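Below: one structure in structure tokens.
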Amino acid sequence: MVAHPEALMIQIRGLSVRRGEKTLFEQLNVDIQPGKVVTVLGPNGAGKSSFLLSLLNLITRESGDVRFDDQPLPELSRQKLAKIMAWQGDLPPAEFGLTVVQRLLLASDGGAQEEINDALAFMDLEKLRNRALAELSSGERQRVEIAALMVQDNPIWLMDEPTAHLDMRHQADCLKLMKKEAQKGRLIITVLHNLQQAAAVADMVILLDGKAGVEVGAADDMLQAAKLEPVFGVLLSGKGRDLKQVYGEE
Amino acid sequence: MISLVCFLWLSPAHAQERILALAPHVCETLYAIGAGKDIVGTVSYCDFPEEVALLPQVGAYNRINIEAAIALKPTVAIVMSNQLPGIQKLKALGVKVVESNPVRVEAVFADIVHMGQVTGYETNARFLVQSLQLRLDKILSIEQRPVFYEIWPDPLLTAGQNTFIHDVLKKVGLRNVFGSLNQEAPRVNLESVLAAKPQLVIVPSEKRDVTQRTKFWKTWLGEEIKVITVNPDLVHRPGPRLLDGMEDLVAQIRGLNI
Amino acid sequence: MSLLGLVVTVAFIALGLGEHWINPLRPASEIESMILWEIRLPRLLTAFAVGGLLALAGAWFQVLLGNPLAEPYVLGVAGSAAVGAVSGMMLFPESVVVTSIGAFIGAWVGIAAVLSFSHLGPSRLLLAGVVLAALWGAVLMLLMALLPERGVMLAYAWMMGDLSNSSLPIWLLLLVWLFALACGLLLSLSLDKLLLGERHAEALGVDVASLRTKLLLLASAVTAVAVTAAGTIGFVGLVVPHLMRLLFGSLHKAVLISSAVGGGVLLMIADTAARTVISPAELPVGVLTAVIGVPVFLWLLIRKPS
């Protein structure tokens, strides 16, 4: 795998995103450096997925300014954006009989055979390489999507619930992958709904409270009961890397 | 045509019917037997003789407007098929319904007489049939010259065995090369026509360029092939002008020396 | 290039078959030669081109609508072409040219109607197409009710497909076949990405809106040409690309080439059967495409569960 991807910084000023009549969040300001893992947290419907899509220019921003290394988003063509960012979203449809290998070839534009083999090995997919996506379990398909990110080898990874459908072992592998890639200089922005997982990987947190409010900060500052309990309506203990949800009786 | 004038003179004493003539050949026959003045309604393609055009049309041979038909207060309806939608309704309202769909040349004569009986012009009908029979006897032939009858050029359609035209051809000494086929208007391909080796091709003058078709057939069947044309209104309609058509056909054949 | 071998074999056999067998390499007489080269060959070439075009259109409509069961006719283009053709028949019954012009115009009217809904996205586009097809069907029934008896029979004959007398010159059909395949191959990488859904395709750099429009125009133009030349022949657009995917995988380079050739071969076989099984009479080729296409498809499906 590439050791040092092109470093790219994201600058966001005054970003507001709307869905229909509702403003999801407004006035998001943040600078994100390469080599960081940023987790986007918030209740359902807060706009976390929409935030990622707005970076890709796949949904309309209400207002705001997004720059990649001083290049404004509107000036970047679709092809250029596809070279800068790799997106892992919901599982793509599988009616047409694409195989695992073919799906990865699409991510790499038909090349990078060696990278594809490496990614398959890493994500534990080698035995499934020629199987049709439709025949795989959702966990296996999720791993294919993550392998696709690896194959594309872009400086920025946008991940939307990457641990969904995965069993515990692969969830842990996924989190480890994120940390490893960040160390190599990749910029990773990930939506996670599991606070403990977020706590395990986050360097920075963007918190969308679901009421159009937004707060940004370093992980240690943001991952505290006082900040998060009112947003999620749950009981938490510990802070920073040790943040945990408290279950059980009142 | 002199005979026609004679018929019109013989006005029989009878209760006058109000007739719905629901097929082109029915119109022609009724006029030929003097019942033309009793017709109150016709259908599309009833175009002979000229006076027919003045009559109100209530539909097509396979589809009529019941209300329009009833409004004419008919007493008799002569149709091609009892299955015609709405005919049962007419029957229920007391209209006498008569079927007329002869598939053989002889059946035409019986049919003309039957129409005469139903409308009160039987005598005229029998006179007409007598003269038609005489004319038919003069041209009947047992020869079997192979012929290809082109019902339509594209797609290439011909006549099958249970059709009126098939019998007409047989009577004048022509053998329909596709007479073994059971369909009414089967689609055939050019190769089959070549293989059937007809001596004559008949192209009805309906809606096509006969010169072009003649050239076409000469290209494929050779310069020696004879191509003649007929007026479909004469040979497809099982009515009084049938013998005009058949005589013309026979005259053309004789003129060709095949 | 085993496909090429297949085409040549099928073509050879199809040329020989007919009212009686003629050896294409050694016709026994001048008449046999004429039959081979002026009756059978044009028909075969027409079948090849039209079959290939219908299969290509099918493959494109399937990726456009995100549904492997889509078909050139599912968006109503065949229905509107039939309306155009029958209208032409009504106005100028003697003229074959007018019928063809009517079919072509009709196809494009149908395409324009569909294009006006294209911004709705694949699943709603499909529904809009189905409704439009129903509309054209109703208009067609109205026209048929107004036609005289002979006209109805001819309208049905046109709709059931006729490869014996293509209203478009054969060199034009083959040219369009080549051109369509070339365009498709140029777009094949983007088409493959579109298989992942619109969002994923966009994230991978595809301008989906522009691709969708291009695809719709290309697929519709190809369908319009095929229908104008030979009437409405169904099943080829549905079965062939699907079959090719089962045999060769879903990536478009393979699918498009194999469909363009495979569709041609299928229609050559169907047409040969149409003109020989009840010889001397002929069956409409549309019936044969259904009779051949469906069992083959079922067999492949059962063999390779997917």
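As written, the chains take the letters A, B and C, and residue 1 is the first residue of each chain.
As a convention for this text, a contact is a pair of C-beta atoms (placed from the backbone, for glycine too) under 8 Å apart; a residue touches a chain by one contact, two chains touch by 3 or more.
Small disclaimer: the values here were computed from a predicted structure and weren't measured.
Arrangement of the chains shown, judged by which pairs touch: a linear chain-to-chain path with two open ends.
Of all chains displayed, C has the C-alpha centre closest to the centre of the whole protein C-alpha set.
Averaging Cα coordinates per chain places subunit A and subunit B 82 Å apart. Subunit B and subunit C have Cα centroids separated by 41 Å.
Per-chain CA centroids place subunit A at a distance of 44 Å from subunit C.
In the complex of the two chains, the subunit B residues touching subunit C come out as 44-45, 60-63, 152, 154-156, 178, 181, 183, 185-192, 194-196, 207-209, 220. Within the complex, the subunit A residues that touch subunit C are 53, 56, 58, 78-79, 81-83, 85-87, 89, 92-93, 95-99, 102-103, 105-107, 109-110, 132, 134-135.
On the side of subunit C, the complex with subunit B involves touching residues 18-20, 31, 34-35, 39-40, 93-94, 96, 145, 148-150, 153-154, 157, 162, 164-165, 275, 279-282, 284.
Residues 62-63, 66-68, 189, 192-193, 195-197, 199-200, 202-207, 245-246, 249-251, 306 of subunit C are the ones that touch subunit A when the two sit in their complex.
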